[in-house]
Amino acid sequence: MDDVKIKDQAAHDAAAKVADYEHGWSADIETDFAPKGLTEDTVRFISAKKNEPDWMLDWRLNAFRHWQTMETPDWAKLNVPPIDYQDAYYYAAPKPKPKLGSLDEVDPEILEVYKKLGIPIEEQKVLAGVEGARRVAVDAVFDSVSVATTFREELKRAGVIFLSISEAIREYPDLVKKWLGKVVPMHDNYFAALNCAVFSDGTFVYVPEGVRCPMELSTYFRINAENTGQFERTLIIADKGAYVSYLEGCTAPMRDENQLHAAVVELVTLDDAEIKYSTVQNWYPGNADGLGGIYNFVTKRALCQGKRSKVSWTQVETGSAVTWKYPSCVLNGDDSVGEFYSVAVTNNYQQADTGTKMIHNGKRTRSTIVSKGISAGKSNNTYRGIVRVAPNAEGVRNFTQCDSLLLGSLSGAHTVPYIEVRNPTATVEHEATTSKISDDQLFYAMQRGLDAEEAVALIVNGFAKEVLQQLPMEFAVEAQKLLGISLEGSVG
Amino acid sequence: MLKIENLHATVAAKPILKGLSLTINAGEIHAIMGPNGAGKSTLSYVLGGRPGYEVTDGSATFDGADLLDMEPHQRAAAGLFLGFQYPVEIPGVSNVQFLREALNAQRRGRGEEPLSGGEFLKVAREKAALLKMDMDMLKRSVNVGFSGGEKKRNEMVQMGIIDPKLAILDETDSGLDIDALRTVGDGINTIMRRPGKAVLLITHYQRLLDYVQPDFVHVLAAGRIVKSGGPELARELEEHGYAEIAA
Amino acid sequence: MTTATLPTRRDEAWRYSDIAAVTAAWPLPAPESIIVPAGGHFARAVVQDAGDIQQIELVLGKGAVASLHVLNIGGAFGRIELAVTLNEGADFTLGAAQIGGGEQNLEIVTTITHAEPGATSRQVVRSVLSGTATGTYLGKVAVARDAQQTDSAQDVKAMLLNRSATANAKPELEIYADDVKCAHGCAIGELDAMALYYLQSRGIPPGEAKKLMLQAFVAGVFEGAEDEARLQELALAKLGELV
């Protein structure tokens, strides 16, 4: 284990030396591109590349035609230059290789990439095959194609299906057909429609009735090829009484051109099922002058269809030049529960407009929203959320807490909550505060021996604690480090 | 250990310290007493390096090094501990986490190995017991929801864990009842009355000095030390008041 | 505040409005403009009881103090829109209530701009809605880049008396200065059942108990108003119609 730890550290250090940005490097792996630009032919190319059935191609084309009639949403507090959708590649995959039996057979360069990414030690152990290690299954999405899936066999014994979405389309067409686009319809919004048309790969999970998934499932997303938009598609279904915890982590290499990322994540819980979805988003945020960085337009939504079902979103958002993301819960099942815990850090010229929607349709549905926004540099950080209670939803409860922390006087912190209540038995509470790190706190921590950056990191972690506590252990440690790293250079 | 010469300092452009000189050697306990507004807290903040407290003249050296040239955390790593009159609340950060990070940052600064979680907890438990503080308090957020007395006791626990060379304790006795005063006094004696260590007590009243016997007592008035003496000076002050002595 | 073209529900400030009523009233007259000079005092009670759209622009000079008390009760569609700009050290207080029944659509829309340092603003808004009425509060507090030491609070509560009534609230903060104290609280719920029972157990009939509690819910916002007695009386009468 120590060996792994040391290697992990060494890889971190090596990566850190390459650039300011810890994950700012680009591995040299042969890529198979779709021609630049976006037409029906691009959609056909992607579908063919993935050996998709006709119904899938039709679905994509349908979405593409609809997308062409749509307009980019402009209501967010974001300043995004127009994106030239014809000036990007929509498909990039590592050159096809024979199907791999284990990670040992994976391109060593890809493995090296994972090392530099600092995949948590627990998972390193799993990858290294250490006996007794806590089990985490990793479905590694490298650029657009899932190149390696571990533990598939063991999951299969438990009845859990954990596949790339392309495989699922071929192997479980009925399940996919039943739910794909049901939580986020293809016409939901501009970026969701785009994703439907050109999504390259992603993850599919099905946990059958009564099954508690025996391990945490994890996917690492990486954008690797220059000028390649990432269009991930994730669909997770927890059948009656099932439970699954899913970890999503992202890092991206340093690039000067802006890169577009438009993922769609759909979650479905049936009666008594629970999904815990945790994200650490660390895409390249652009440099200190606001050059480059990822445009992250993500649609994440959960359908709590079953009674007493539950979905908990936890996100730590530190990366991307632009973040547009509202992981939401449609609480249809009576007594279902939605949670949203978020920490969003923006520094330099980053812009984040993120939050959630809690749509209470079922009786006695409950939701909790805890949002912690930290703005530094010249960045802007917006919480935007909707809590909606339908006329027939008796006994709904919601509690929302939105706190903003400002570092320095050149940043902005905004809170835009929409509260729409149509049932008198609802109890909806919203609180928001804005604060800064006081000079007293800084001096006190420094008097005890911490330098200015350590002191800020400590205080910020305290501010975000309620959210960080929701993360699985190995993620929490990474997230804490990330908050500190993201705020480097914001004081002093 | 600490040598202050002709120190002048301003706060918001207003002169507060006006030529203060003081030398503290290892093994000594000094008390600075004085009326409100004499500059007692300013002295502690200037020595601690608090932003906004500007030194306009004079010098202060700590073990021969220029104290005024160091950042606050460097002063801490060098062995200077400041007990705050109003300890600051840091929501969400537990005492244990705060102190372990602080202690290890100081150790790094001195080129020492960091303490492991287990080693740290052992030290923390020992010091908390010494100051009759519940370990549960150490797990709570730094000073959040603490009473005035608890905050002061927490400062002493921190001092015990950090184990500084020089402790400057600003009005540590304010807000304490008699039992707490005795506990804090015992804590100061146990932790700091040792060879190679020194204490500067800043206080308005005599009462802490009943528990921590100073070797030297100074009277601070209008930004300067106007009188120095032994422990008897504190009693004199208590009897006759500052006006007479400082005059 | 002046909208050049007829708004639609896509316009943030009109997202819950009765657009047919707005169209009928279009074009709107120019907003009433009030300038309170440096150090000046201003107080006004505004009652909307005829189904109007009332727009007021208020600019407070350095150190000026203003308080507005608003009662929004009348007409099919009634809207009171305030745009308040605070210069250095100015102080603004809003106490507002809207009470609607039947098919009424009532809204209070405020934009408080802290343009300079050290200004304070307090907004307390209470809504009571029955029938299929809609009550909306859109309240934006904007703090400009250099408006340090801003102290702003929004306290928003709504009660629904029927399942088909709607309460909307959007207490929004837009902050560009770091040394500020901005807080908002918003709660939507129903009357406390235990308190209602307590009143009844002391011999007060259910309808009276309800009215009493609603009166208490609304009354606080008019304390210290120019015309407090009249506002309380109007509010109480309107509540009487609903319960």
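The letters A, B and C name the chains in turn, as written, and every chain counts its residues from 1.
By definition in this document, a contact is a pair of C-beta atoms (placed from the backbone, for glycine too) under 8 Å apart; a residue touches a chain by one contact, two chains touch by 3 or more.
Note that this is a predicted model, so its numbers are computed, not measured.
Peer 1: Tell me which chain's centre, taken as the mean of its C-alpha atoms, is farthest from chain A.
Peer 2: Ranked by distance of C-alpha centres from chain A, the top chain is B.
Peer 1: Which chain would you call central, comparing Cα centres to the global Cα centre?
Peer 2: If we average C-alpha coordinates per chain, A lands closest to the whole-structure average.
Peer 1: Let me have the rounded angstrom distance from the C-alpha centre of chain A over to the C-alpha centre of chain C, please.
Peer 2: 38
Peer 1: Quick one: report the Å distance separating chain B from chain C, using the average Cα coordinate of each chain.
Peer 2: 51
Peer 1: List the centre-to-centre spacing of chain A and chain B in whole Å, with centres computed as mean CA coordinates.
Peer 2: Those two chain centres are 47 Å apart.
Peer 1: Which chain A residues touch at least two other chains?
Peer 2: Chain A, residues with two or more chain partners: not present.
Peer 1: Please output the residues of chain B touching chain A within their complex, sorted ascending.
Peer 2: 48-52, 71-73, 75-77, 81-82, 84, 87-93, 97-99, 101-103, 105-106, 109, 141, 158, 162
Peer 1: Which of the residues in chain C end up touching chain A in this complex?
Peer 2: Answer in residue numbers: 12, 145-146, 148, 158-190.
Peer 1: In their complex, what parts of chain A are in touch with chain C?
Peer 2: Counting only chain A, the residues touching chain C are 75, 77, 391-392, 404, 406-436.
Peer 1: State the interface residues of chain A toward chain B in the complex, per the touch definition above.
Peer 2: 438-441, 443-452, 454-455, 458-459, 461-466
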